[in-house]
Amino acid sequence: MPEGQKIRIAVNGYGVIGKRVAGAVARQQDMSMIGVSDVVTDWRARMVTKNGLSLFGATPEHVGAMRAAGLEVAGTLDELLGQVDVVVDCTPKHIAAKNIDLYRRRGLKFIVQGGEKHSTTGHSFVAESNCVSALDREATRVVSCNTTSIVRTLTALKRAGLLQRARGTLLRRATDPWESHESGIMNTLVPEPEIPSHQGPDAQTVDPGLDVVTMAVKVPETLAHLHYWSVQMTRPAGKEEVLDAFRTSSRIAFISMSEGLVALNAVKELMADLGRPHANLYEVALWADMLRVQDDELFYAYMVDNQAIVIPETIDAIRALIGELREGAESIAMTNAALGVGGSLIGAGVGEPVRR
Amino acid sequence: MPEGQKIRIAVNGYGVIGKRVAGAVARQQDMSMIGVSDVVTDWRARMVTKNGLSLFGATPEHVGAMRAAGLEVAGTLDELLGQVDVVVDCTPKHIAAKNIDLYRRRGLKFIVQGGEKHSTTGHSFVAESNCVSALDREATRVVSCNTTSIVRTLTALKRAGLLQRARGTLLRRATDPWESHESGIMNTLVPEPEIPSHQGPDAQTVDPGLDVVTMAVKVPETLAHLHYWSVQMTRPAGKEEVLDAFRTSSRIAFISMSEGLVALNAVKELMADLGRPHANLYEVALWADMLRVQDDELFYAYMVDNQAIVIPETIDAIRALIGELREGAESIAMTNAALGVGGSLIGAGVGEPVRR
Amino acid sequence: MPEGQKIRIAVNGYGVIGKRVAGAVARQQDMSMIGVSDVVTDWRARMVTKNGLSLFGATPEHVGAMRAAGLEVAGTLDELLGQVDVVVDCTPKHIAAKNIDLYRRRGLKFIVQGGEKHSTTGHSFVAESNCVSALDREATRVVSCNTTSIVRTLTALKRAGLLQRARGTLLRRATDPWESHESGIMNTLVPEPEIPSHQGPDAQTVDPGLDVVTMAVKVPETLAHLHYWSVQMTRPAGKEEVLDAFRTSSRIAFISMSEGLVALNAVKELMADLGRPHANLYEVALWADMLRVQDDELFYAYMVDNQAIVIPETIDAIRALIGELREGAESIAMTNAALGVGGSLIGAGVGEPVRR
Amino acid sequence: MPEGQKIRIAVNGYGVIGKRVAGAVARQQDMSMIGVSDVVTDWRARMVTKNGLSLFGATPEHVGAMRAAGLEVAGTLDELLGQVDVVVDCTPKHIAAKNIDLYRRRGLKFIVQGGEKHSTTGHSFVAESNCVSALDREATRVVSCNTTSIVRTLTALKRAGLLQRARGTLLRRATDPWESHESGIMNTLVPEPEIPSHQGPDAQTVDPGLDVVTMAVKVPETLAHLHYWSVQMTRPAGKEEVLDAFRTSSRIAFISMSEGLVALNAVKELMADLGRPHANLYEVALWADMLRVQDDELFYAYMVDNQAIVIPETIDAIRALIGELREGAESIAMTNAALGVGGSLIGAGVGEPVRR
């Protein structure tokens, strides 16, 4: 990249992830949000231009349909791709796999989401774990919301030399709010048919050294996932030592029952009160006062905003592919500053267990 | 009020309504948000100062408890009241009734919410209906979310000479998101035991001339209320004539099924996409393409954001009590501009039924 | 039918309706439940034989798959049809339309469900309204749960000369419990896009003289539908007169708020306590104390168990097609006795508004 | 007890547990259901006599109120207690503690439910674990639904010498269906504030030798609890060996994903199809095909019907206190036969993992 020039970004797919990525890119000083491509012609597409972004159609046919619906369209996806350095694919699961050829023909760097297979890019990304190995690559995959949270937390324990093996139960929100009128589950719980569920092995695509087994179940709510962990540590440790390990991650935020943050809805309301767009919780929100150490065992729970948690990782992944910054920490700090990530959610020093 | 001086406001109670009122007051050029009073000491109180407002405790005891919890407190409610022109009471239902003596002793103008009785202030307020009758009064009551929507819509029909009588079925959200971990209903519907429900008579406290009967039922969702209406018009009318009547209100926004806004969750997502704080829907969101005229009968449905719809009314009520502006329309225009209310939600001319 | 011989019945499709029909047929003294046909091979099919019924496969291929799964299969649907007088089609929506040719080739009398069009049989059935016109016919359609409840209640008002026009808002349960793990809506309300919704016109396929308009909305619960009605009567009437009109139907059961039956879940629990299979509510459960008369207007609400309400109608429809009994009332009485329908749900004389 | 004489039982409290206990007692050949005591006067009380049982009022005042409501009342609780050998207390949490003095003064044997403390009786009961230690006691506590399931399953593993330690995550239904109109949580998850949750220590009141830690979370559904377990075994074992261990319990029923029993709602529907009263699932329903063994670790999940699982235990507890039968297995077999417990839920040999 010529010095001082901004990284030019296209977002393909303006869904729950795409619109958040586009908004986050627009907040980065070193990036320029060139345009968004999509296929729909209703209110969702209108939000692209309403939010000041350029709208492109996936094909000439889509462009035609969009214009017929009164949308202001800047051109086709193909034309958009001609103007950017990196494309972030946020199309629905398994569709990205078909787009990759297009990106490659264009010689573009690209990012796919966690719904795609590791093999589509050969690299799976979580900023605090393996940013460096993504430097200058053609492409990477930002792993799913669940996997991102797992790698963030277990990497923190591993860095502190505490992690032997981790066994988790994952409560997955059943559908996203924007499509909760056409899909979902009602008054039931739906276990993943297989144990282990795929998230454990998926975390190993980022860090093959993690000894992790997950079980997963769909629950009838739309707000966020909730993880419960039972960790065998390498040795007995104190609670403060464990909290200190988690504190080394800027993307794990402590919350506490004693501050009234007693359920998913309360934490989500906090995000809205903080004025975050879409009430995004980018962090793993981990209950610090609930966390329990029992000899060499560790038990804790945290909340994962499945719509938001991968957004900072995606921004870091963009920078890694471009390779201007050689240290993950630099990118992480830039991203965090732009998105308001890091530090206490409710005020310095409050809501944390008292140090003893 | 001395010319050029801003109206000084206190908000008593920082709950779902109070925090929205405080945020809306802060956006008005002619108002100054002096401080917020509350009784809690947890994350909810921390949001007051986090959002740049001054926090007061309801009593010296509350101030003490807040300081013990590490909160920065500016003083007591009593001290706050000494610095303002108008206090907006947003305390929980029926508590305001006890605060009124305090406000009166202070010689303050005050506003109570729809949970209180009409008799507490002797005046019930909906901006487009009876703003003028509130001018210079000591106090008014901003009616409830449901009643506000009823008066807005029926007033529009009445202005056009179309309204004979209206019969409505009101689907009420069961609890607010922020407290949905401790109250609510599950997988059931709970009819109000009495027909008519109280909303019809309540609308008559604003406009005694309305012939309106309501039936209400609690439904297991937290997003918004939904009203269905069957209206006997004074005469047969065309659909466009009815839509034109609704168009005379700047606080009724048309939405349409054909634009994909097919359910409460989709409309709420739209508000988040528009970047509105708390994804507030201040307008009555009325489905224009679903609306049906059959001879002299009219059928339609709309969505009511129970947390947000009364916010613009509250702002107008403040101005009415102060009496600087003598025309409701002026205040309404100022409030709308400050909050982004008015005009099409998704783009000029789109999402409306085609004129024939 | 030779005297003393039982009507031989096949049920095609063992879903929520089919299994209830099969169970109800088995309780009729004048009917013989010959067999059930289906296409699935899992636990649902196992319930057929577990409940003592004969299981048939829709095709030889299905029979093969069922046997491979260890199911005891009596033969094919075709073989089943050779042994019966009437087939009740309970296959999913729109599939019955394809089966009709098969039934006709066999010279069988048949019944389809409300998901099919009126034109498939040319006759739509609700026992208390038009039983006589179904006598000796080849086929009829038992209308949907919602429509059945509408015709039952409005027919009662019409018989008493009270009905001018009826306007209803229908809250529809979003999915059935047994499939609530794979479909549904979550924390939202989904209006039917069109007003009027189809139930009004559908009621007119049974009784063209009904002046009825309906609006419908899907709600996030699985238990039952709930209807709210606003009726213009032909003249002012007293509440007792209206209740007496409803009392002429043995399939409208009064419930009351004052007895604690304050929501759908409570009524459903009552059905379970009564020991009814599947906690079936065959009646329209109408809140008698909530019902309100205001001059010549009438307002009321009732609950409709969408899985159960059509079961007694289906039994009566079978008898009507066979034509042995020439009076609807005779069949209704037989069906009611066999299913425990009729009389007070909670005890004679209790739970009803006091007569004045 | 004189030979041939039935054990005479009173049930105090006709709620979700009480009504099931009363129904189950009525099915036992060696027991006589003398009467039920309660305090309410609405439909719930009417079900007592509707179901052929005698109704008593908790106090003379309650008797008066019941009679005023038209209920047929046989007398007071005190009078009821004079006619029985054992009273099963099914009053709401913490109320039983106050009743105990009354029972003791009467010299009655009594059973309290899991909501009470262990110390109220000094003995906590799960039939397959410690039936013998309850023989001839004055009283015992049937532990809660969650604890019952934990003890049943871990006892089976322990008997086989496989259990070292067990770590569980418990998803708790938020409220019971019959009161879901007045309590519950909506679209959120509510973690228990403390780790470990109380169920682990509670299991140790039955078997102090269990090394068990539990974490619990309230989920927004009403059907049943769902447990996920991660067990450290004493040694590597095969899956069949583990299944065989569970097969030694007649109150653990295998279900399987491959049979379509893929979620709580499907299993509950199965219970309704089986014709069980209230669709009761008395067994721990454990997914056999989902269960996973990995070296010396074991992972599995099961469903717990919180309204029904303690019913067979309560019946066995009655017999233990009376002491006529000296072997737990005899009582368990009698109870199982009377309630239809034991054997495959859907047919012999089906729905089980293939033996290899």
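Here the chain labels run A, B, C and D in written order, and each chain numbers its own residues starting at 1.
As a convention for this text, a contact is a pair of C-beta atoms (placed from the backbone, for glycine too) under 8 Å apart; a residue touches a chain by one contact, two chains touch by 3 or more.
Keep in mind that this is a model prediction, so the values were computed, not measured.
S.K.: Going through B-D, B-C or A-B one by one, find the pair whose contacts repeat those of A-C for over half of the pairs by residue number.
M.R.: B-D
S.K.: Look at all chain centres (mean of CA atoms) and spot the one farthest from the centre of subunit C.
M.R.: For subunit C, the chain whose C-alpha mean is farthest off is A.
S.K.: Quick check: more C-beta contact pairs in A-D or B-D?
M.R.: Result of the comparison of A-D and B-D: A-D.
S.K.: Where the centres are mean C-alpha positions, what is the separation of subunit C from subunit D, in Å?
M.R.: Centre-to-centre distance between subunit C and subunit D: 35 Å.
S.K.: Just curious, how far off is subunit D from subunit A if you go by their C-alpha centres, in Å?
M.R.: Chain centroid spacing, subunit A to subunit D, equals 42 Å.
S.K.: Centroid from C-alpha atoms only, then distance subunit B to subunit D, rounded to Å. What do you get?
M.R.: Centre separation, subunit B to subunit D: 48 Å.
S.K.: Counting only residues that touch at least two other chains, what does the list for subunit A look like?
M.R.: Correct list: 177, 180-181, 185-188, 190, 220-222, 262-265.
S.K.: Spell out the residues on subunit D that touch subunit B in their complex, using ranges where they run on.
M.R.: Those in contact with subunit B are residues 174-175, 177, 180-188, 190, 220-222.
S.K.: Within their complex, state which residues of subunit C touch subunit D.
M.R.: Residues 19, 40, 42-44, 46-47, 49-51, 69-70, 177-181, 186-187, 258-266, 268-270, 272-275, 277-279, 346-347, 349-351.
S.K.: Once bound in the complex, which stretches of subunit D touch subunit A?
M.R.: Its residues touching subunit A are 167, 169, 171, 185, 187-191, 193-196, 213, 215, 217, 219-223, 226, 228, 230, 257, 262-265, 287, 289-292, 294, 297, 299-301.
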